[in-house]
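Got some structures for you, see below.
Across the two complexes that follow, chain A remains constant while its partner is chain B and subsequently chain C.
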Partner chain A sequence: MADVARHPRIELHTLATVEAASGSVGNFKVKIRQKPRYVDVDACTACGDCAKVCPVLLPNEFEAGLMTKRAIHQLFPQAVPAAYVIDMDHCLGTNPIACGKCAEACGVHCIDYDDQEKVFEVEVGTIIVATGQDVMDPTPFEEYGYTRYENVLTSLEFERLISPLGPTLGHLIKLSDRTLPKTVAFIQCVGSRCDDGRGKPYCSNICCMNTIKDSLLIRDHWPDVEVKIFYIDIRAFGKGFEDMYKRSKAAGAKYIRGIPGEVMEDPETKELILHVENGDTGRLEEHRAEMVILSVGMEAPADMRKLQTILNLQKTPDGFYLEAHPKLLPVDAATKGVFFAGTAEGPKDVKDSVTQASAAAARALRLMAEGKVHIPAITSTIDEDLCKFCEVCAKACPYGAITVDRKTKKPAVVAEAACAGCGTCGAECATGAITMKHFTDEQIIAQVDAMLADRPEEKIVVFACNWCSYAGGDFAGVSRLQYPPTMRLVRTMCSGRVDKKFVLHAFAKGAPVVLVSGCHYVDCHYIDANRWTQKRVERLWDQLERKGIRPERLQLEWISSAEGAKFQTVMEAIEKIRRTVTPEEIEHTKKVLEKNLLEVPILV
Partner chain B sequence: MIQKMGDGLGERVGVFVCECGMNISDTVDVEAVREFAETLPGVVHASVNKYTCSEPGQQQIKETIREKNLDRIVVAACTPRMHEPTFRACAEEAGLNPYLVEMANIREHCSWVHTKEKAAATEKAKDLVRMAVARGRYLEPQTEMESPVIRRALVVGGGVAGIQASLDLADSGIDVVLVEKQSTLGGVMAQLDKTFPTMDCPT
Partner chain C sequence: MSDAKTKGPRIPCRYKCLRCGLVWEGSYVKGVMEELSCPSCASNSQRRLKEKKPPAEKE
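Right after this comes the complex of A and B.
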């Protein structure tokens, strides 16, 4: 931490968040909003004279609320930057008549009650997202009595309790009577591996090892304190971890397979009573402990949504950020030039966080060392003669890359550097004035025609976006998930590219079922281009119904790159629909949609 | 109406069918796919490779492009999300515009997901190749733009990961802007007393 403060190349801004961003890989313009500190960071000597006179007492969140802080405070002695900060929500001192004591006490006059919020812009080539995680809150698990019983703590609270710098200077005490507990019980997987909606379904990765560590600390320092660990199974998979687990057992920690159904407190003695079905013996047991530690996991930060929107990032179903590829690009975001480090991408321990951070730095460095980046050629172009100035393309473009003026009849112009290549403009343009490079109408129709050249009634036409649905199909493949061999996939960069004429053409060619598939709403790699897909498909459903074609034959599904299993399920479900489509129905559709057949030179 | 892209239709397409060791050829009859590819309009070459992405596989593509004067290539192998850049680079080295490469995904979307239906998987692989050739013939050369990269990085978050990334970059000569929402660096890591497995202090 201190190295960061000292480093001449690192510009540190605390109390700061990302407010907005524009540009793309190589040249991002990022707006930063910095809250006022009310203390001059450079002038403050961190002597602490100010806090001594501050009359306002508040819980210290760094100490998990087990200690207090003043309205003017430093969260912990090694804080970086080494400067105090005022919590202005609780400070009395904006009006010097009310207080102003800290300003009086400050020998270097570094306190400024009128300090203002700053908004400034930085220009950077790459961005590393290392926004971390939230520690899970165990209060929904009422059966454990957290907050009801004084001696039930979370693992993070326990961490502060036994820290030599913490509230008790490292002494292990019960909060109820400040004496050493005879027995400390740990309950594992609180909030993790939980499917009932109160917690998260995933394993938080660190809690088993954290408890093993705590058990060793307790048995080393206080050999008379009994340690009982209630667990589902112990996951000690890392280097040196199994050895530590064995040491914990050898040191006398008792491991009991089973999660207590309930923790009760003896109101007189404050002793805690745990009832558990021992998975090894099959017997119902009662255990007593004077302190219970809830081994809580990690969850995605509650406030990550804003940065996700600003940088156009995606999340996995567990709520953490989604990497561009789970194995081959594990620290890259789908947004080029953005990388993930640490628990922002998923639960991990300190070592893995550091490893990933170095990997992210190396990936970012790779771009910056070369000093240039190749921008793909997949952008849209306009045929000015065909443009009717309707402005639909400009409205459809998620990047505002198209300008057109209906009043002055100025044809559409695409700013190619801003165009990301989703192709939504091309799909929405009714006059055929827009050509999407590398995903032209002809190229896509040629694929559909090739697919449906023989026995079309046996084929399912799938339009899949490159980033999520196509990748979801890849993931199904990597996972060897089997599904019916009837579907054929046409890849577009975004589902927004899927023109309604492609769909009608496929039906006119005899396709029994068509699936349009894209990223989940919040995950669209082109901001919100898939909302246009949704609207378009809804219009198509109406149109099909009016023409006496079952709308069910056109399906719309959102499948993410992590959802191989969903890809499989969808393919199975659509195959069932295909089997309901009769030859008569297909003939009828072909006749009704005859006019929608598109003319492309026959290639097959 | 649809947009035309000029008259540069591919007339000399080369198709390269990959066995991917046995990943594809265990399920798909690659020889049947190759024979089928030869019958497609515009195709002047079709061959099978053990590993098309390997050095000899790429070498063969490059030689064939030159020898047979190919104007488009179709690689029937794995997902383009994996090896499209490989084959684009390969084409470019042989003097073919990298955007004149098309892939047919006969592994992730075929051999791996229809392992028990070999005949149907082979039929599907043929269709995928036919689709790739049809699309491939319409591909147009494209030029990529280059854009400069500012040698400065933004790191969002000053926990252990943000600190490590910042130091690594800064030590490599890159200017770093580190943004932390709290009043101090450290994040959750700073709250930990000892860390496993070495039992040392994290700060």
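Right after this comes the complex of A and C.
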């Protein structure tokens, strides 16, 4: 971190939050709000004279509340920049100056009570999102007595407790009587792998190894202290981790398969009593420990939502940011020019965070070094004469690549560097002002016409997205899975491109059934464009029903590229529906659509 | 989706599968799109049934 601070080409903006971002890859403009530090960073020598005279004591968050700090403090000993900061919410006051002792004590006169919040804009080519994570709160797990018993700590508190720079200078003590505990018990998966709503359903990745490391440390430094670890299963899957697990067991740490149902305290001795069903023996056991460490997991910070909106990012159901592709683009966001590092993308340890950060830096450098961006050929273009400034395209674009100004009647503009080519805007545009290069309305309609030119009543028109459903069909093919030969596939880059006029055109040409198919919700390759697909299909179902056309004839399916078997099953089911569609029904549909009773323009 | 918990309460509703015709009780969160599968045939083609209000009585 010190190297970062000294680097001539790295600008650090500490105490800062991103307020807004505009532009696209290579030309982002980021608005930053920086809180005042009230200390001149360049002049401060971090001597600490100011903190010695500050009369305000506060809990020290870095030390997990086990130590105090002053209102003027350094966040932690290695903080960059090496300068103090005033917590103005707790400072005795500067207007009028009620205390001022820090300013008097400062030998280099670096304290400035009049420092102001700054809002400024920076221009950047790429953005790396490294928002970190929060530690799960164990208080909902009342059975472990975290809020009742002094000697029940979280793994983070324990980490600070045994740190050489921590509150006890590395001495292991019980908080109740400041003596060395005879037995330390660790309870794993507190808050992780929890489906009852009190925690998170995912594995937090680091807790097992953190406990194993702590157990080795305890057995090495304090050989008389007994270590008991209560676990569901130990996940030691990294390089050298299994060896470390074995060393921990060899060092004497006892591993008990089972999570205690309850932790109680003996009020006289303050000893903690744990009741557990041992999964190996099948017996109910009682264990005693003088200190219990709750191995708490990681969770996404609460304020990730704001940055998600600002940068058009995608989140997983777990709350972490979703990468553009789990295997091929693991550090890229779906928004071009944005990359992820560390736990912003999911729980991970230091090594994985550093690996991912290096990869993100390399990905960003690759773009920056070249100085230009290769734009895919498949992007949207706007016919300004047809644009009615309705802003629907701008709302539909998952990448925020379209800008329209309704007030000044400025037609839509597509930032081609930001456009990913899903075509959702083109499908939503009611006036036909948007053309999707290589997937134009005319091209798709021509494909439908060709498919239905001969015996249309025997054909099923399938609109399949390039990345998942079409690939799922491919997979079914290479897997030699047989499906009805009545299918006719129209490939679009995204199911969001499937305009309702394509569906109605297929019906008007005599198609008995139409299937719209795309990626599963979280898998959409265009952030969330398939939500627009679903909205559109739902609207179409209503319209079809109003006009006496069975909505069942329009089907919607989410099929991934790995679901060849599902593709086969779906096609067989839809073939059964096709056989229920009578020639009279098809003729009626044609008549309805010829009369243009549906409020949709149809290309013929 | 992750938004579902933050956007409001789940509203009970009925869904109809457009493939097998099964009608079942479910719920949704206003303004949140969710991927649904029919409990019988696993199809993704579901319509949320709009409950018709009874006609107002004439005095």
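Basically, the second predicted complex is superposed on the first by the 371 of 604 C-alpha atoms of A that agree within 3 Å, B and C clash if a C-alpha of one lies under 4 Å from a C-alpha of the other, contacts with A are read in each partner's own complex, and residues count from 1 in each chain.
The rule we apply is simple: a residue touches a chain if its C-beta (ideal position, glycine included) is under 8 Å from a C-beta of that chain, and two chains touch if they have at least 3 such contacts.
For clarity, every value in this text was computed on a predicted model and none was experimentally measured.
Looking at the shared chain after the overlay, A:476 reaches chain B, while chain C stays out of its contact range.
Residue contacts after overlaying the shared chain place A:302 against neither chain B nor chain C. Judged by the touch definition given at the top, the superposed model places A:531 against chain C, while chain B stays out of reach. When the two complexes are overlaid on their common chain A, residue A:26 makes contact with chain B while staying clear of chain C. In the superposed pair of complexes, A:169 makes contact with neither chain B nor chain C.
In the superposition on chain A, contact is made by A:577 with chain C only, not with chain B. Of the two partners chain B and chain C, more residues of chain A are touched by B. Touch criterion met: A:9 reaches chain B, while chain C stays clear of it. No residue of chain A contacts both chain B in one complex and chain C in the other.
Of all residues in chain C, those touching chain A in their complex are 1-2, 6, 18-19, 33-35, 41-45, 47-48.
Residues 305, 315-319, 520-522, 531, 534-535, 538, 541, 551-552, 554-558, 569-570, 573-574, 577 of chain A touch chain C in their complex.
Against chain A, in their complex, chain B makes its touches with residues 1-5, 9, 40-42, 79-82, 99, 105, 107-110, 112-117, 120-121, 123-124, 127-128, 130-135, 137-140, 142-199, 202-203.
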